[in-house]
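Each of the next two complexes has chain A plus one more chain, namely chain B in the first and chain C in the second.
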Partner chain A sequence: MTNINNINRSDFQYFPFHLVTPSPWPILLSFSLLTMAIGAVMYMHGYSNGGELLSTGFILTSFGMGLWFRDVIIEGTYLGDHTRQVQKGLQLGILLFIVSEVFAFLSVFWAFFHSSLSPAIEIGGVWPPQGITPLDPFAIPLLNTILLVSSGAFVTYGHHALIHGDRRGAILGMFLTILFAVIFTILQYYEYSEAAFTMSDSVYGSSFYASTGLHGLHVIVGTIFISVAFIRLINYHLTDTHHQGCEAAILYWHFVDVVWLFLFIAVYYWGGM
Partner chain B sequence: MLDAVVNRPNRVLERQKAIQSSHLPIYYRLPRSRLYLGTYFTMWTLGMVGTTYGIYSLAFGKPAPKE
Partner chain C sequence: MSDSDLSSKYVLQTAGFDARFPNTNQTRHCYQNYTDYFKCVAAKGEDFAPCKQFKRAYNSLCPNEWISKFDDQRENGTFPASLEP
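The block that comes next holds the complex of A and B.
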């Protein structure tokens, strides 16, 4: 007699798709985002307790995302729900997400070029504006470029090692990627604290910190993304043929890498001359 | 140090067996799930109380005077 409680999906499921089970995360995270949005409006308009509500909303959103991704990992690694067909869908989702990120950065670059290609008379008709001392592109920014490009090379090494079944190489490659990413963030923090201008110093300061800050935020998210892949690699979650999350992290990291090259050339080098 | 990480025991199979034989919702299947979800639900409820207060403040309250 078949025990209905111990169903093996492949015994009776004749399609490769993943029919997800009911989950509390979409509704809970929607309300967490509402908390964050209301908190942000209150904070920016000077209402009392706005900052506390904004922080609560941020913690709820990130904690909830962590728990939701944990479920996705269970489905992929322990329940076998991520078939080839499902992996294709996930890959497409990540690609579309990165396309949306490209457009987010496009808008920031647009703002930068709008202000720098024909500088307004209020800032002296020159770029960088009068009174602004830009950062030397061949000091920390060049070092950061070398760090990010090297981390991109390490992550590719780690990926190829993983595909060829070289566990040691994969772990080493991913570890060095994370190490270089952390050093990049520390150097970026140091550069911000040493800079001679702030975000409120003309449109130069605004566009500089908006573009490099948005990128810095992406570096932090990418570092967390790769760290999750690294922990999963150590715990044998990833195989040579099945490592969709790791590939998504690698793709995201290359995107962050490419954006930095544009930032270095446009904002630091050309915009700082 | 790298050897210890590379050669650590693989527990995926036993985890797969444990999780696939469980009939709980997915979010309760891993160890310590009740602790994580309990913490989250408590914080979320507090967040909802704060959000209700926030919406009320935005509709009927007054922001701090501008300097």
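The block that comes next holds the complex of A and C.
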């Protein structure tokens, strides 16, 4: 049609925002999260079937998230609902989410410094505590630092390639990012299995595994996030000027990298001296 | 009852101010003196008189429950500090 008249006016909206159609995912996801939370508590306190409930909740949450994000991709890429204004809203959303993640990490870092700056007499008044052999920070942890920083460089290269319409460069950059991320995860798994201390080994073990473990979960989530962007890139979902999901993944990945740098300096290097 | 009769028999004193532990929480003060006494004895022997100062200090400062807990830990070999000189 070439003009808007009173008959077809209702087919158009005069505002740039996206009023989403009703969706079951939010309520489904909220119950899935509750199931996962209760399952986790039950498991950790030794109640029977806690582990099963946790696994069920986790699977439901994962699928719920997948289905919700799938819908967002459909709305943006296939239905054209993501005007510039909507894009900016999504960008603000991911920024605020990352800010909330920063606070989560602040709490584990606080716990670490609380126990390590004034070590209790029960652990010998020293840090690392009496009897703890920390990991050598200049072995695998240093390599992991190089891997993550390099992956940050690769993802930036890939992003710039995308902006300049260089499809091959964008795919290469994203691929190398994912490769290094996976190698990091494998090396961390190896370190975890070979370390001389467990999470139960004094407050050192607890604070070490709580902080690096929370980070590791974020690396895994970030890897999946980048992988989704990678697959979408290959499938021509993205343009050189419109790729919010990709930028969100990149921002999240840089955040993960920065947290690792703090971990390396505070927990691995200073905490192991 | 004259004060001088009593004061000639007993000298009442407690551990003096130690600038390393200026705050209300004196846990570390107690622990340090306990550790230092046994390190002193390991280095100089039990008859070395200056070591006694640490012993007097930790007996004043530390709750008796802690002293017996520390003693048990030493016997078990689980005391959380090295007592080598």
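Quick notes on this one:
Keep in mind that, in the parts below, the second predicted complex is superposed on the first by the 261 of 273 C-alpha atoms of A that agree within 3 Å, B and C clash if a C-alpha of one lies under 4 Å from a C-alpha of the other, contacts with A are read in each partner's own complex, and residues count from 1 in each chain.
Throughout what follows, a contact is a pair of C-beta atoms (placed from the backbone, for glycine too) under 8 Å apart; a residue touches a chain by one contact, two chains touch by 3 or more.
This one's a predicted model, so the numbers in the text were calculated from it and none came from an experiment.
Once both complexes are superposed on chain A, the partners chain B and chain C fit side by side without clashing. After overlaying the two complexes on the shared chain, residue contacts for A:S100 are found with neither chain B nor chain C.
The partner of chain A that touches more of its residues, comparing chain B with chain C, is B.
In the superposition on chain A, contact of A:S193 is made with neither chain B nor chain C. When both complexes are overlaid on chain A, the residue A:N235 reaches chain B alone and has no touch with chain C. Of the two partner chains placed by superposition, only chain C is touched by A:P129; chain B is not. In the superposed model, A:V41 lies in contact with chain B only, and not with chain C. After overlaying the two complexes on the shared chain, residue contacts for A:T77 are found with chain B alone; chain C is out of touch. In the superposed model, chain B and chain C sit 130 degrees apart as seen from the Cα centre of chain A, a figure rounded to the nearest 10. After superposing the two complexes on chain A, the closest approach between C-alpha atoms of chain B and chain C comes to 24 Å.
Judged by the document's definition of touching, no chain A residue lies at the interface with chain B and also at the interface with chain C. Here chain B touches chain A in the complex through residues 2, 5-6, 8, 10-12, 15-16, 19-21, 23, 25-27, 29-30, 36-37, 40, 43-44, 46-48, 50-51, 53-55, 57-58, 61, 63-64, 66, going by the rule given at the top. Within the complex, the chain A residues that touch chain B are 5-6, 21-25, 28, 31-32, 34-35, 38-39, 41-42, 45-50, 52-53, 56-57, 59-60, 63-64, 67, 70-71, 74-75, 77-79, 167-168, 171-172, 234-237. By the touch criterion stated above, chain C contacts chain A in their complex at residues 27-28, 31-32, 80-82.
Contact residues on chain A toward chain C in their complex (touch as defined above): 121-126, 129-131.
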